[in-house]
Amino acid sequence: MPFIMNAWYAAAWPNEIAADRVFARTICNESMVFWRDSTGAAVALEDRCTHRQMPLAKGWLEDGTIRCSYHGLRFAGDGSCVEIPGQNNIPAGVRVRRYPVAERHGWVWVWPGDPARADAALIPDIQTRNESPGWTSVGSTTHVAANYLLLSDNLLDLTHETFLHVGSLGNHAVVEHPMETRTEGDRVVVTRWMRNHIPAPFWKANIRNATGYEGLCDRWQIIEFRPPAHLVLDVGVAPAGDPDPMNSASGAQGCNLNTITPETEHTSWFFWAFSRRFQLDDTELSARFLDRVTGIIEEDRVAIEAVQNVIDRDGPERLISLRTDAGGIAARRIIERLIRAEAAEAAAPDRTTTRRPTSRRAAR
Amino acid sequence: MPFIMNAWYAAAWPNEIAADRVFARTICNESMVFWRDSTGAAVALEDRCTHRQMPLAKGWLEDGTIRCSYHGLRFAGDGSCVEIPGQNNIPAGVRVRRYPVAERHGWVWVWPGDPARADAALIPDIQTRNESPGWTSVGSTTHVAANYLLLSDNLLDLTHETFLHVGSLGNHAVVEHPMETRTEGDRVVVTRWMRNHIPAPFWKANIRNATGYEGLCDRWQIIEFRPPAHLVLDVGVAPAGDPDPMNSASGAQGCNLNTITPETEHTSWFFWAFSRRFQLDDTELSARFLDRVTGIIEEDRVAIEAVQNVIDRDGPERLISLRTDAGGIAARRIIERLIRAEAAEAAAPDRTTTRRPTSRRAAR
Amino acid sequence: MPFIMNAWYAAAWPNEIAADRVFARTICNESMVFWRDSTGAAVALEDRCTHRQMPLAKGWLEDGTIRCSYHGLRFAGDGSCVEIPGQNNIPAGVRVRRYPVAERHGWVWVWPGDPARADAALIPDIQTRNESPGWTSVGSTTHVAANYLLLSDNLLDLTHETFLHVGSLGNHAVVEHPMETRTEGDRVVVTRWMRNHIPAPFWKANIRNATGYEGLCDRWQIIEFRPPAHLVLDVGVAPAGDPDPMNSASGAQGCNLNTITPETEHTSWFFWAFSRRFQLDDTELSARFLDRVTGIIEEDRVAIEAVQNVIDRDGPERLISLRTDAGGIAARRIIERLIRAEAAEAAAPDRTTTRRPTSRRAAR
């Protein structure tokens, strides 16, 4: 399955892109090189000199431009060539493909498809909560050797917490409470309320400011999916019976922000953050959250890579879906529809865009 | 070439399969997971949860059943699903393919083909001598990165002992004595008698109870092949001229039991044992035999993997066969005939079996 | 693209081929085994016993012949079988393909194509200068994971010295002076004269016998390409304004001898030597040259392997050539013409040669 190319994908954390060193990353099978130009803006070009195919990422930056390390051609952030050593004229075709880049909501985003369609207003506001007062956040990037949809499936069916994350997020309360799945246009929302149960270890440690709450709790998971793979998880607990659990001062409210960027058909960059609305100044708690969530995502990574190995071996067929898969199935339908729409548009004779949006290496 | 699927293959040693941990092994391109159910019987399922393709071998055992570690589905040893967490009904299709398993003659056997045809009486009695009073045995498993037929070829032409195993099994007596090859139905028997020669180092050390025999000896190698790749080697020496060398009290009588199980087209599990009928209680001798035979098989492994590399590079063509290859050629003909028979049967419209016996991944 | 098969390729340095050990090397996709026969002459056979495909390089030498380590077949340097253990007659087909070998100009050469056409007079005299009195030389072999033509391109456009070898061979003088490219039959000659400039570090250290020359210099690079990939670089410097710079006693005259042998489509053996005509007896200088040139070639290797990676990923298309690529383009045209000529000849019905010259594994 090819990728949705006309979309924003998280490419990096802002501090990964700099004015004094190049940063290479493959996104949707496109090899890209990132840096900051002389205005400080992040830019991205195809990681390949048009002259003799040298990766530009092996080069160096000069005055906001990138110099190829092989024969010294120099390119600006818009892909134009600004110098060919040993030659005064610059032929029109000497130009490197550029990718639109924007920086917003705590991540650097890139648009692998048609630049004419890139509109920063389309960047999902998934991390606004993180930038709002009253919230604090930790996060990281995890490389996963699996297709991005397996990660999206994973986040849309948290039933797996009971088994894969037993000892942290999971206990039987999760599997025993049903989910509600709702599709609204390109959004999927999966909701699970778990009332009146013994809290799982991860949450127990955080109710009532980590004093070691011994009672029962109410817990919620509200998962919102937007394509290609932005998943915001509104999660939290409160002492059982609180009339307003999502705002309980004795409870714990968190937000798990995830955006998954395909590297190739078989590998993904998983950007994630965990924001919370309690004990904002507790840096020890922040460090502990970073450590715990990293460990949980590591459990997911190992499981999902094992599934990818089976798919590589056996193919994707012969699956049986259960009730709990409703969210993942709905999300995959949206993605398939958007990919078909892109393909239809690319094939239309009178389309106004000039670039084929689908990856030229999608079949690899 | 696909594999014979309707056949018993050695899968493991009995102590490798347990009631408290799972054991994964690929056989004839089928990924399998083994354990012991609550009756202590070894069972095998396809190593793949039918829900979301998680390898079951990543799961754990509960009351003789296996629990998938991802979403917690639980399966019995017959492949039926006994629990779907979060769902009361179990849809009819939620079932994992099972493989018939039997334990006999010192090995655990599995039948990768049509379960309806699996008959434990078809398990080759290759290790009966091992279980008989008057014999003792050492053995192990060697993983070889080569097609199983290369291993079978190797055992059917022991001429190679003179060169590959010079210093242990080999000396010029082997190559100087001709072999007789006889095919009887699905059996091939290769016989070589070597009279009146200086014993090779391995045997010299064992004649007359390891007293360092200095005279000449008579030696025999009687190799019996049965498909897919069970090879029993009746081997031994006696002081030259003994009227009943195979029963000489001054000689040494051994039996090299081999069964080779394809893992993939390019890799094999080589199960072997060396049984002897002398110095039964000498545990030091047993340890020395295990060590020596392991070393000899290691020489075979290195050579055969080198041959496989050449085949992968050049293809199998352009071979010239010599007189000594008669046994290997006869064995390959039997295998080809049985594979053709299976394919013909699978293609027949009125066959009564319900499963296609050939591996779905045979073409890999 | 297949290789030119009817051509001499450097295979080894003379001291790599011996009478008491085998030497394996793949050239133009042909796996070869080399040794010295009882006359001391280097010989080469296909590295594959015709009996059961064992690599002959796993065997050992006996009286100038090679013994297969598996079943002991023994072959002479002309490919004929001289012994089959256990069998008196030697069937006519038991023979291993031989490759013509010659030793000249300081290297051992092999002809992977039709033996009937191998003529030692066709060996390029690229190292004659090295063997002449008045010259001394250092050299080595570098394995490069890239197609040999990328290495040839690299040597035909030394503009890259300014960027890739900044700090040793390169400074702006190189890129600022134009090249002249001349094609004469199967030869390409690229000439660059750089007058009146500050010498690059590598050369500065060598003018006027390494006394640390502070003035300006004149420098030349005269590159001669002959197919498949023999490249002689006549290089040197002299104090600026010397009327006969190429023979100036105050200057430094060198010769960089290169011959590139394809291993596969994606890997190459790069044989190189650096000869000089000054300070002949200075062994410290020789050691320093070996070290410096090794370092420079290592920079080339890293760059060229990066380019090969991009080609493997994206294909070779979408390149734009500049004025400085004239030499490389001319060389590639010669090679393409010679390959087409070989293919046409192989397809001709009345050709007198008996062997198909192109590699049977060229398509891999």
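First chain written, first letter: the chains are A, B and C, and each begins at residue 1.
In the analysis below, a residue touches a chain if its C-beta (ideal position, glycine included) is under 8 Å from a C-beta of that chain, and two chains touch if they have at least 3 such contacts.
Keep in mind that what you see is a predicted model, and the values were worked out from it rather than measured.
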Target subunit C, source subunit A, minimum contact steps: 1
Classification of the subunit B:subunit C interface as same or different, half of numbers criterion: different
Whole-Å separation of chain centres (CA-atom averages), subunit B against subunit C: 48
Contacts with two or more other chains, residues of subunit C listed in rising order: none
Complex contact set, residues of subunit A against subunit C: 31, 48, 50-55, 58, 67-72, 84-87, 91, 93-94, 361
In the complex, subunit B residues that touch subunit C: 153, 157, 159-160, 162-164, 175-176, 178, 303, 306-307, 309-311, 313-314, 316, 318-325
